[in-house]
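As written, the chains take the letters A, B, C and D, and residue 1 is the first residue of each chain.
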Amino acid sequence: MSVSVSLTDSRPRVGVWLIGARGSVATTVVAGCAAVTAGLRAPVGMVTETAPFAGSGLPALPSLVFGGHDTLDCPLPKRAEALAAGGVLPHGLPTAITAELAAADREIRPGGPLPGDTRGPEELIEAFAEDIRDFTGRHGLARTVVVNVASTEPVASGSGLSDLPPSSLYAAAALRAGCPYVNFTPSTGLHHPALADAVATSGLPYAGRDGKTGQTLLRSVLGPMFAQRALAVRAWSGTNLLGGGDGAALADPAAAAAKNAGKERVLTDTLGATPEGETHIDDVPALGDWKTAWDHITFDGFLGTRMTLQTTWQGCDSALAAPLVLDLARLTARAHEAGLTGPLTELAFYFKDPVGDAPSALGAQYEVLTGFAERLRTHAADHGGDAEGAR
Amino acid sequence: MSVSVSLTDSRPRVGVWLIGARGSVATTVVAGCAAVTAGLRAPVGMVTETAPFAGSGLPALPSLVFGGHDTLDCPLPKRAEALAAGGVLPHGLPTAITAELAAADREIRPGGPLPGDTRGPEELIEAFAEDIRDFTGRHGLARTVVVNVASTEPVASGSGLSDLPPSSLYAAAALRAGCPYVNFTPSTGLHHPALADAVATSGLPYAGRDGKTGQTLLRSVLGPMFAQRALAVRAWSGTNLLGGGDGAALADPAAAAAKNAGKERVLTDTLGATPEGETHIDDVPALGDWKTAWDHITFDGFLGTRMTLQTTWQGCDSALAAPLVLDLARLTARAHEAGLTGPLTELAFYFKDPVGDAPSALGAQYEVLTGFAERLRTHAADHGGDAEGAR
Amino acid sequence: MSVSVSLTDSRPRVGVWLIGARGSVATTVVAGCAAVTAGLRAPVGMVTETAPFAGSGLPALPSLVFGGHDTLDCPLPKRAEALAAGGVLPHGLPTAITAELAAADREIRPGGPLPGDTRGPEELIEAFAEDIRDFTGRHGLARTVVVNVASTEPVASGSGLSDLPPSSLYAAAALRAGCPYVNFTPSTGLHHPALADAVATSGLPYAGRDGKTGQTLLRSVLGPMFAQRALAVRAWSGTNLLGGGDGAALADPAAAAAKNAGKERVLTDTLGATPEGETHIDDVPALGDWKTAWDHITFDGFLGTRMTLQTTWQGCDSALAAPLVLDLARLTARAHEAGLTGPLTELAFYFKDPVGDAPSALGAQYEVLTGFAERLRTHAADHGGDAEGAR
Amino acid sequence: MSVSVSLTDSRPRVGVWLIGARGSVATTVVAGCAAVTAGLRAPVGMVTETAPFAGSGLPALPSLVFGGHDTLDCPLPKRAEALAAGGVLPHGLPTAITAELAAADREIRPGGPLPGDTRGPEELIEAFAEDIRDFTGRHGLARTVVVNVASTEPVASGSGLSDLPPSSLYAAAALRAGCPYVNFTPSTGLHHPALADAVATSGLPYAGRDGKTGQTLLRSVLGPMFAQRALAVRAWSGTNLLGGGDGAALADPAAAAAKNAGKERVLTDTLGATPEGETHIDDVPALGDWKTAWDHITFDGFLGTRMTLQTTWQGCDSALAAPLVLDLARLTARAHEAGLTGPLTELAFYFKDPVGDAPSALGAQYEVLTGFAERLRTHAADHGGDAEGAR
């Protein structure tokens, strides 16, 4: 693939503010955007780079500027080297794009609250919002999209302001800074009673929740297949093996519960009933960032004949998530530019637990998504602009 | 499930003439229709028994009358007992519906040509057509649908009348007898140059080709998933293990070639390119009518990260095919009643190699199919009739 | 297979007293012994029916008389019908051997303690022992082997007589009745501190613990393979899906813990270290008595190259266990006849957690077992007898 | 691992002459020996580095000197870089050991016959033998072991000297140069009628044939498991997917036939009968040097209950083969030093089709191998030497 990018792009630039900015997904997002922009790699896995999205006015990849919050302090170039050693990034890539990694690294601010931090929710929200405003201002960005790609939190309890989990503090900060928000994780984010009013009055578009990258992606096409063929699914069991930071985070049963709720929701929604069976998430450090997901499905065919389907998915979660995060940042930025507000139900294609009313089968979600791209294109034509002119 | 069937259904009855009427699929079709009609089993796997097809005027299951051609002479009740011993039919079912099996058995006529038969194509076609006319007349049927469920033939060669393979002789007989035709196999059937004129002038609706029941069904949802997510499939390899008559028939490389063409077509159509990889069909007599299909898919994610998906499908082909055959017989009969002619592209949902222009993703095919049901319903309403009143 | 059995066998008969006598395994043991004795089925899965055991003086299958304890009261013929409906026993078999099932059923005595039972451990032990003595006496049996095939108990705690779990009460009763004892489950049985003295002074042979039938059987050959090839196993993860009574019993985490300890012990013993990874046991009622066990093994090859092996085992636990129970009853009875006492370490081939010092690789265990058969043969020759004369 | 290697090892050095010296396996052998010698990697996968081989007098890794024949001319350092890019060798390793790769590269001589070569068999054999003699002499080696690791040849036909396939020409050259010979491939090598006399009178030890590295390794432990448990295997089907040079070579049906014969032999030998089922080898270039092998085994348990086992092996053939090649070179060199002649049946552990009479179960082969190590140790002690003093 040869990509030619104008160095003096006159189009305004767009910020992407990553919560969990030093994690595997965020690092792959930054590295991948740089690699594709530089023409080093094809944009495999980026749906917004396919034909139906041409002319929809999405911000071009070279126009994206990255920053974010994180509680860790491992520099991005070093993090990228670790990912390359684990086979998540191509060998040699971190060196080739070290400048872009360093630039994003300089825009990462301390997250929180960390142990010992005595600030209350209001102070934290204001501090985070100020970080985002400062980033947007210094770079002269047209807008900044906030995307949560941090580790999954335990399921939250409590409904008051003082009960806001970190993901909700960051989400509140996004609203306060006037930024569209995307929740790529199952964490609470904007879905907290104490934020309901702020969400309703913000006039901002938002998307989520919980990106579907592997096992659930599969389930979102297999579930409809069984339903459309009138085959009776009796049991659907699954085991996920993964290491890396995600494996460790999900070894916490409360965090795993949050994750599994989304996996099972897809089955219930597409099958019309909840089948028997459990889903396990095991931390297997030896696997690093690679995940193996095994599903075992027992179903009845005609006259009660018992049959089974098994699937084994071996993928790298960060590499599956990163292009979707870039897609979502672009689509949400464009939605904001186009004046859309509230839940972006058209982006259900990307999520296990989509906001608003949306179909649950991947194919139907894809049609909704490409219809959305079409509407954005019309809108772009009406307004005489095309953010992708350079591409 | 409780099924209430009027014993004195005033609606006209419909014939289903099965080519390969003593095979596993045909036996399961006859047994299954009787079992569901008698309320012994739920219509699992029958798409036409789900909500979107209510009121579409399809012939009710109790109104179907079965007959057919076969070159073998094993009585249907005995064949059903063998299937029950192999776990394809429930134990006890053949005894419960022995009257219906015997009734269908009496309507099976000798197929051909068998070795030693000196009749030419024209004589055979006429003899077969006369069998179907006689069946339709004796039973006072409103119409008869001819469905090919015989073993897969080797790929045909030659384009003259004298080159017609058996599947095409039966298909020509269907046309001559004025019957709609469904080809559930990859055999040539109506797709023969020597029949092109007869097809074009017949004014009959027809459907086909090659029912997708297992591995290809899966491929028709997994292929679109990879395409919609912009993941680059590099190789798709498959192995099918099966015994029974189908295993033996497909051990013939020429027959397997016909079958595999359909399997690969689905990949090419849904992925937009043909990936590397072969598909094997092995005859494993020990497996009987049970089939195991293993697929191994290698794909690239973001930045070229190499990933894999494996699927193992363990099913019983006859139990997967039979409800689809009943669906197709009902839909095609209804199409004929409604005056539709030519290729029924709306039935692509059922086939590996659908006639006419149709989408290749299962989800899109399902939408087309339910839209078709909606049109039939409107048509039924216009004409004041509803064949499913009794159900 | 043709089996000729003398109707007037002059050899003394041997009792097999099953703890859990109405369970799936026990029912399959009784049904299977009758089916093989009657020549209806070949003794597939019975190691003692293979060449190395000819002439070892084992009691012939027709000489075995069955009885046992159970807390349930479903009659064996009815239990066998349910197993046949689930595909565990061949259709038609329960009817063919109903007399043998009924005979065993008459010899099943109530187990305990059930809720409301006010008897203390000593009373229960004595009552159970008396049941066994009465059985042995009425039938004029040369000896009776007690075999525990009941559902797995939660891990026991406490070391006093009053803390004895049911499995230990039955085991103590076996000792008191002078019977050799086999523990086919991971339950405590004789492995209780309060029974240590009784075991030591009993002069009886005993065997156990926890039959290896599926996943662990596989692990006992794959573990040595990796070790002998000097391949470094990093992680070994497993998931078991099963329904039936066993599935429900093992859904109790404490019972599953007892079961899993044995599965992991085999890995540690054969690999020389405990790899990463967990083993799950899920209750999936839809699967009935059929079990699917998936194992995922990550290992390093030369120069650290990361590789994987996955296995999927689909079997019926009762059908795997029953022939081994018959083997064990015969071998243990013969050991008792030959005057052997204490732990029968030579039977490690059959167990996850064998008593005494034994090799952990299946191949080595097999050599020990066939060496044992050879010693029994020599002993039989010395004493002029051969219990298998009729076979 | 810490490895201390004396720089002035007084022990004589030993040559390893690789047929196919520029292939993946040979490159991994040279690279791996250097990496382990330098302490960069642990000797995972090398059986001769485990405890039972300590003190057996095997030549130390640093004492091995590499050379060989090949018809290609890609330099080893470049070949190693390609393997590192494909994940077969660790990134960075080729650079770290470039001197050792270059040294081996200088000792590779042109193989043959290439198209246009007019030399007859006798001339080729003499030329090859002279290459080996020259190598041995220039380096002052105590002995040189010739190991065939070239691509699999089609099955040979014809029994005369003029019919010798290339593998046999090289094998004949080894004999003529007085070198022990190991055939790690299924190619003919010494197993040619025209070489029978030369083999018999050579007084040299030799080993082979066809290293078992993955699917067959598994079969050699699973086959015995089924046999020892008296389970009746009905069908054993397999599919191998691989790319790289081996994939292309085995896409030739004649070459695949040679390979598959060995795979099936292991089943027949361990099961005592040949089950139903085929084994496929597919060339899938996208997989590179990585191989996926799927096996599907249908077996009967007690009372005819049908069960299945599936295995999926994902490995890198070169990384699996290379440590075994080093093992074999060391063991065969030591056998030559100890004066052993003829077929080394004790090395059956390594082969699909071992020379001489040997057990077929891996566990039993392992016992024979460690017994051999013990005998070599005794022999070493008798002769006062220990080649592994430095290690």
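Heads up, the rule we're going with is that contacts are C-beta pairs under 8 Å (C-beta built on N, C-alpha and C of every residue); 3 or more make two chains touch, one makes a residue touch a chain.
Keep in mind it's a predicted model, so treat the numbers as computed, not measured.
Ranked by distance of CA centroids from subunit D, the top chain is B.
Counting C-beta pairs in contact across B-C and across A-C shows that the higher total falls to A-C. Centroids built from CA atoms put subunit C at 48 Å from subunit B.
For the pair subunit A and subunit C, the distance between mean C-alpha positions equals 51 Å. Listed for subunit A are residues 87, 308, 310, 312, each touching two or more other chains.
Interface residues of subunit B, counted against subunit C in their complex, comprise 85, 87, 91, 312. Note for the complex: subunit A touches subunit C at residues 234-235, 237, 239, 241, 276-278, 280, 282, 284-287, 292, 294, 296, 298, 308, 310, 312.
Those residues of subunit D lying in contact with subunit C across their complex are 28, 31-32, 35, 41-47, 49-50, 87-90, 93, 217-218, 221-222, 224-225, 228-232, 300-305, 307-316, 319-320, 322-323, 349, 361-364, 366.
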